[in-house]
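What follows is a set of structures to go through.
Common to both upcoming complexes is subunit A, partnered first by subunit B, then by subunit C.
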Partner chain A sequence: MNRFLRTTVGFLTSLRLTVALLILSILLVFAATLDQVHLGVWGVQAKYFHSFVVMTKVPGTAVQLPVFPGGYLLGLLLLANLIAAHTCRFRFTWRKSGIWLTHLGLIVLLAGEGLSGLLQHDNQMRIDVGQTRRYTESVRETELAVVDVTDPSYDQVVAVPVSLLQARGAIQHPKLPFTLKPVAYLANSSLVPLAQAPNPPAAATLGFGTLEAALPAPLTYKEDEGNWPSAYVELAGPEGAIGTFLVSTMLVEPQEFSYGNRTWRISLRAARDYLPFAITLLKFTHQLYPGSDIPKDFASTIRLKSDDGADDRQVRIFMNNPLRYGGRAFYQAGYANNDHTAVLQVVSNPGWRLPYLACGLMALGLAVQFGIHLAGFLRRRVSVPAGARPVSAPVAALP
Partner chain B sequence: MKRFLPAAILLFAVIWVALSLLPAPERGAFDLAAFGRLPVLADGRMKPLDTIARNALLMLQGRQRLETKEGRTVAPVQWLLDVFYRPAEADAYPVFRIDNPDVLSLFNLTPADGQGRVRFSFIQLQAGVGELDRQARLAAETESALRSPFQRGVIDLQQHLAYYERLGYSCQPPDRPDFAADLADAARFRACRPGFEAMNTFGLLRLIPPAAGGEWSTPGRILAAAAAPADVDTRVFLFAAIGHAWSDGQSESFNALVRNYRLELAAGFPGLVRRCGLEAYFNRADPFATSESLYLLAFLLAAISWLRWPETLGPAAYRLAGLACALATAGIAARMWLEGRPPVTNLYSSALFIGWGSAVLCLVLERLNRNGVAVSAGAFLGFATLVIAHHLSLGGDTMEMMRAVLDSNFWLSTHVVTVTVGYASTFLAGFLAIVYILRGVLTKSLDKATADSLGRMVYGIVCFATFFSFIGTVLGGIWADQSWGRFWGWDPKENGALIIVLWNSTILHCRWGGLIRQRGLMVLAVIGNIATAWSWFGVNMLGIGLHSYGFTQAAFYGLVVFAASQLLLIGLAGLPLARWRSFRPAAA
Partner chain C sequence: MNFRLSSLARVAPALASALTLAGCGDTGVRSYRIPKDDAGSPPPATSSTTPAAEVSVGAALAWAVPAAWKAKPPSELRKASFDAFGPAGDRADVSVISFPGTGGDDLANVNRWRGQLQLAPVEAGALASQTSILQAPAGQLVVVDLTGTLASDPSPQRMIGAWLRQPGQTWFFKIVGPVSAVAAQKDAFSAFLRSVSASGPAPVAGGLPSGHPALAESPLNSVPIQADRSSASLTWQAPASWRAGPANAMRKGSYLLDAAGSATLAISAFPGDVGGIAANVNRWRGQVGLPPLAEAEAQAATQTITAHGLTFVVADAAAPGGPRILAALVPWQGATWFFKVSGPDEAVGRAKPEFLQFLQSIQAP
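And then the complex of A and B:
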């Protein structure tokens, strides 16, 4: 047992492991970069970096095989290696203070990156000039929204994440007088008139689905294309089935129906994150360099008003100048509709400060360490007179 | 004699540099240089017409020098004047470079029809333009990264032809040979209306300065808006008059018109006229070309110095490289002043800066070691990066405006410069390692002192490179966090930089852990060359991601050849030490 422990500790603290992990990381990053042509940046992140092992499909089959350690695994091993080496092998000396600082920074950096992978949310806000928005929308995630709009003064929203639609089990919610049963979920789809779709994935009995059908389409990872999910959802009350709706992100307006003396709206839409404040777009400007189509500047002037009334002010968001507010950062990301619509990127990441801290530590550590090396090098140079160097001799002590 | 030779070589080089920097005497009666200095607004930037002419020729035919079929040399500005005012002559110049034989066959042409087998005139291509457009439309449906060489050739040529034709609408419609007279007469002015509309649609060059605080404008826009000659800005007439003088061969009138116009501009826009004058001078002096030759010479002298006459050729190489570096420094400084930007703004300037950075580092190392090793690596890198820069300049204006997200001098001067220093030093370590391998395997000149000195240099530079590539990458992350909302996004360029950081730290850990010694250090440093070349160019070739601002197809083959050569060197280093000529036991 003791020997096993010693071997394990020896393995975990060894520089050989460090080198092996570094090389594996390089290979992982390289492969992921190449694969980005096919998978897109988000697909690559999920497959290579935010995973413990990289799985690959055996060509021609659906079998997934583990082929390479993933980003989480390598990161954790590096972390373990680093911490083990520092607790068991390294002794602190001032000559090595730079290395300690650098490695401490690296620990913070790896932890921060892991935290970002788990906690960071990227949303968007598309907002027209003059419009007020109180929510942001996810770029890649969708949700099924069932809204009770009977009371004109407020909406009661029940949002169902896609994972539940894919699971196909009946969904029951205390705020809903009926259950939702997903019949079919298409991660990417196209809508065609019912007459042109001989075999629709399911039959809708209510609303839009009585006219058109959703057909599955291959998933796309291209930067300039998106996926358009659709779903067939069956609604059932205690007395039996109400009907089946076809919902799709391609439909702009939600479908309305009445049940139990209340008015409901059902839609499949980008997953929303409701904000404790409101944003109104006052003005959007988009400048080109004169005589060219090279963009010079984009800027959104917004009014920010918090629900508690503590904040009510005007903010200008432009390139390289985000607004950080309420745990989120708003970036000028794009525009549409002839400069009538601004697209803001909204990121929430509780760990966003960690990389700054980590990098400060590492930069300082490297500067100290290499500074010590340089000083030593220059001192030695001074102490060895030029004439003392041997002129020509075969090198004996080479590897 | 030996004592004075380095100084003499330096003196000759200085004279050569000075001659290259002197303004060229005007050979003909027309003051072409003065016309070339006139400012114009194009692609969002004020620049001299000389730059327009040179960049257009570079883009169309891959070089600035233009030779007619009869072997007569045409200066870039002269060519531009002909494009503006004598379209029939301009159409006969072979300025379209076509390398792809399949593209040529669209025009029923063979290489033998072209000047130098690759350059063709507009007249030769005219008949096939319709078919070219059809092919270009077909090719446009394929995603740019997936296009075949033929499709790329078709699209490039179509864009070149369109650009050339649009240049012809800058000052007057190509079908009105006596435009000055057209503008003078009210009836003829009305008859030109369709020509004005065409100029307004196609004209690219905003030649006419604003009357009061407005924007620079194309002659076409002013003419299209004018009801009668009286509404037209006098400068539009001026450009027509210059054209008249040019086509009629009236050099005195041409020179007077240009001179007076420049004086008038200098009163209203003194800074602009000065800047455009300097840029035209900079174009002609071309300090980077001279620097390139000097670096090559320095490298050759340094390489020979390892084998023969080290105490003479070594210092000579050091001085030449120093001169080349000073010249490149001046060139980079001039670009910075012209642009009002930090040194690195695009792929082209990153090549200049990588060469400059490694040359400076090497000159410092050479001062410390004085064995002709560092200077050879520095001179070689200086030379190679300038060659690469030259090829990158074929894409168009190298001082293009910065897209909105890049429009930040703070981040350009911190992140971009630091990460470029990281690239430069990683390359430098790799090239010093190559010197070690080549000298050790192929020559007997790698004695223990030199080998140890190289070992120290490579190790030191790897430390330096780790530091700068790490800081540069991190600053990039912070910039990304400020402008896109994430510190790290696994974008290809970010990954490339990360690979360099990881590789440099791998080398350091191998060395600290005693896994490698001198030779191993050299081999790993050479692999660093591949990693850096990949990050610098390879990721741009993927054509994806936020940083894919410098997609270059031709560079792909260069990259493959480079990587193969590095692998070959690694193989060479893998030879048993007994086979290394330097380390072979001395035959008694």
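And then the complex of A and C:
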């Protein structure tokens, strides 16, 4: 055990590890930059940086092989390396307190980035003037929502992430009297009339899928294009199959059906995050500098009303002035529908303060270290006898 | 402190298991309850301007609403929604829903509604005794009148429901509430059903096959705030009488041009010339059931309007007494912008002067 511990400590405190990790990080950034052409910025971020290992498909097969350490692994090792080296190698002295503070700032920065990568959620809220919304929607993630709308006062929602649809296993949930069995999942798709689709991925027997079929479309990673997932989901009760629905993000309205004396709605939609407060868009202002396209003022005046009644106030969200509330930041991100709709970027990141703290610590550390050196230098100057000091410009030589 | 590569092999398993644990995300099924009002809030233009009487419109049907009914904002699923009151002020709920497909067979519909009122299902043989037929301009409605209790309310409830099958779509009309309220509103509801008529192409699903539900708007179909000329948009001034239409698939804008909402304007932009003038004119002709024209004829069938340095090519294709498309296209910054009015011949004709005036208001930023 001692040997193992020594090996571990030796590995983690090694300066060679630091150099190796930095070189690997440079290579990772380089490879990711090149691959951005194929995957787009979000794809690259997920594959290279928000992963422990970079996986690549063996050409011609579906086999995925790890080929390179991912961003999380490199960041975590760098963090461990920094902490281990400090703990085992460096001795704390007041003369080096600035260096310690700077490194602590670096540790906080690395930890903050790791936390952001794992916990940050970027959502959107599209809201029309006069409309009230109490949920945000993911731009990239979708979910299968099965909603029991029978009760007049509330809707009971069961939201299934896409990963389970892709896994194709039967999905059971205590709130559902039937089993959901994903038959096909298309990460990007187009809808065509059934007559034009001789070989649909599956046959829907209920709802919209009896009219149209979803056909697979190539995935797009372009910044200005989106993917439109669709899925075929079979519902089965204890008495056997109920039927198969085609659900698609292209459909605005959920499809309704009755089962077990209850009314249900099924839809594939942008993954939702419900808020403990409601936002009503009172006014949207959009101004450009006269005669130009340069934005002067984009602002959403909203009414914020919390469920617990603690807050009911107007807030103006405008460029670079987000609303921070309930662990989320609402940024003015865009507009649509001839200025009728405001688009707010909603970021939830529990670690958003850490980069500020890290920068503060590093700045303080550098200032302290510089101050210590300056004080030492000044002290030495004072302690040297005046006659021994070199005179920079002999006064007597001046004309 | 010397680090050898072989030591990596010893440390790796422990490190890997720690990282795997750290990487476990939330991938499970979530379940939660949301208050009914939040299931989907209606677009404000509709909620504030839907008249309580006169004529209201769904996707492709129109109906006359009894003056005593109080319009409620339509929800995501409901095309229209009203409160109707009994003599004691008790409230019945009137809903209009459309659903793609046939909506199940008649027996399934009857038994579904019977189930909602805690009534036992009936066999196919008993179907005729459960239903009656009502003739409306849009077609034949099958009507069911049931009394029972709701699962959530033990007091007796009555439901009169009807369905109307249209190509690719089934419409459900339903009044449900306390027995006295529904009895008082029965005649009004029957008159309401008898007024249901086809109002032309769907205002929100122009260009889509009949019965095609409205398509979602891409989250990317919004203009990010940046001083980038390529993302700039044409601007326009809509007449005060127009109402903002529902946000829709890849639309830059959407308007309902008359009180009934039967003539609609969709504004969209696509890269390139989208086939040129003749191809677009013939596409629109095809959509209203007119034969295509030769290229020179198609070009000649258009008129040109110039405003604010933009040259609009305007085409008007009408099938007499049927649907009509009045559309303008304008090339701008490598893309073609389309302003397309669709609806019944008469409604589009009424909206034409205002539309041509509207084109004059369009300008580049």
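FYI, the second predicted complex is superposed on the first by the 337 of 399 C-alpha atoms of A that agree within 3 Å, B and C clash if a C-alpha of one lies under 4 Å from a C-alpha of the other, contacts with A are read in each partner's own complex, and residues count from 1 in each chain.
Here is the rule we use: a residue touches a chain if its C-beta (ideal position, glycine included) is under 8 Å from a C-beta of that chain, and two chains touch if they have at least 3 such contacts.
What you see is a predicted model, and the numbers here were worked out from it, not measured in a lab.
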| item | value |
| --- | --- |
| Subunit B versus subunit C as contact partner of A:155, first or second or both or neither | second |
| Touching partner for A:295 - first (subunit B), second (subunit C), both, neither | both |
| More subunit A residues in contact - subunit B or subunit C | C |
| Partner chain(s) touched by A:128 [first = subunit B, second = subunit C, both, neither] | second |
| Touching partner for A:171 - first (subunit B), second (subunit C), both, neither | second |
| First, second, both or neither for A:219, with subunit B first and subunit C second | neither |
| First (subunit B), second (subunit C), both or neither touched by A:76 | second |
| First, second, both or neither for A:25, with subunit B first and subunit C second | first |
| Subunit B versus subunit C as contact partner of A:207, first or second or both or neither | second |
| Subunit B versus subunit C as contact partner of A:45, first or second or both or neither | first |
| Residues on subunit A lying within both footprints (that of subunit B and that of subunit C) | 14, 16, 288, 292, 294-295, 298, 319, 333 |
| Interfacial residue positions of subunit B with respect to subunit A in the complex | 41-45, 145, 204, 206, 215-216, 368, 400-401, 403-405, 407-408, 411, 446-449, 451, 456, 460, 463-464, 466-467, 470-471, 474, 477-479, 481-492, 495-496, 498-499, 502-503, 505-506, 509-510, 512-513, 515-520, 531, 534, 539, 542-545, 577, 582-586 |
| Touching residues (chain side subunit C, partner subunit A) in the complex | 1-3, 7-8, 10-11, 14, 19-20, 22-23, 25, 27-36, 38-39, 41-45, 47-48, 76-77, 97, 99-102, 112, 115-116, 118, 151-152, 168, 209, 211-229, 232-233, 235-236, 238, 244, 247-249, 251-254, 267, 365 |
| Parts of subunit A lying in touch with subunit C, wherever the complex brings them together | 4, 7-8, 10-14, 16-17, 52, 72-73, 76, 89, 118, 124, 126, 128-135, 137, 139, 147, 149-161, 163-164, 171, 173-175, 193, 206-208, 210-212, 224-226, 228, 249-256, 258, 261, 263, 265, 270, 274, 278, 288, 292-295, 298, 319, 332-338, 340-341, 343 |
| For the subunit A and subunit B complex, residues of the former touching the latter | 14-16, 18-19, 22-23, 25-26, 29-30, 32-34, 36-37, 41, 44-45, 49, 112-113, 116, 120, 122, 223, 288-292, 294-298, 319-322, 329, 331, 333, 345-347, 349, 352, 355-356, 359, 362-363, 366-367, 370, 373-374, 377, 381, 389-396, 398-399 |
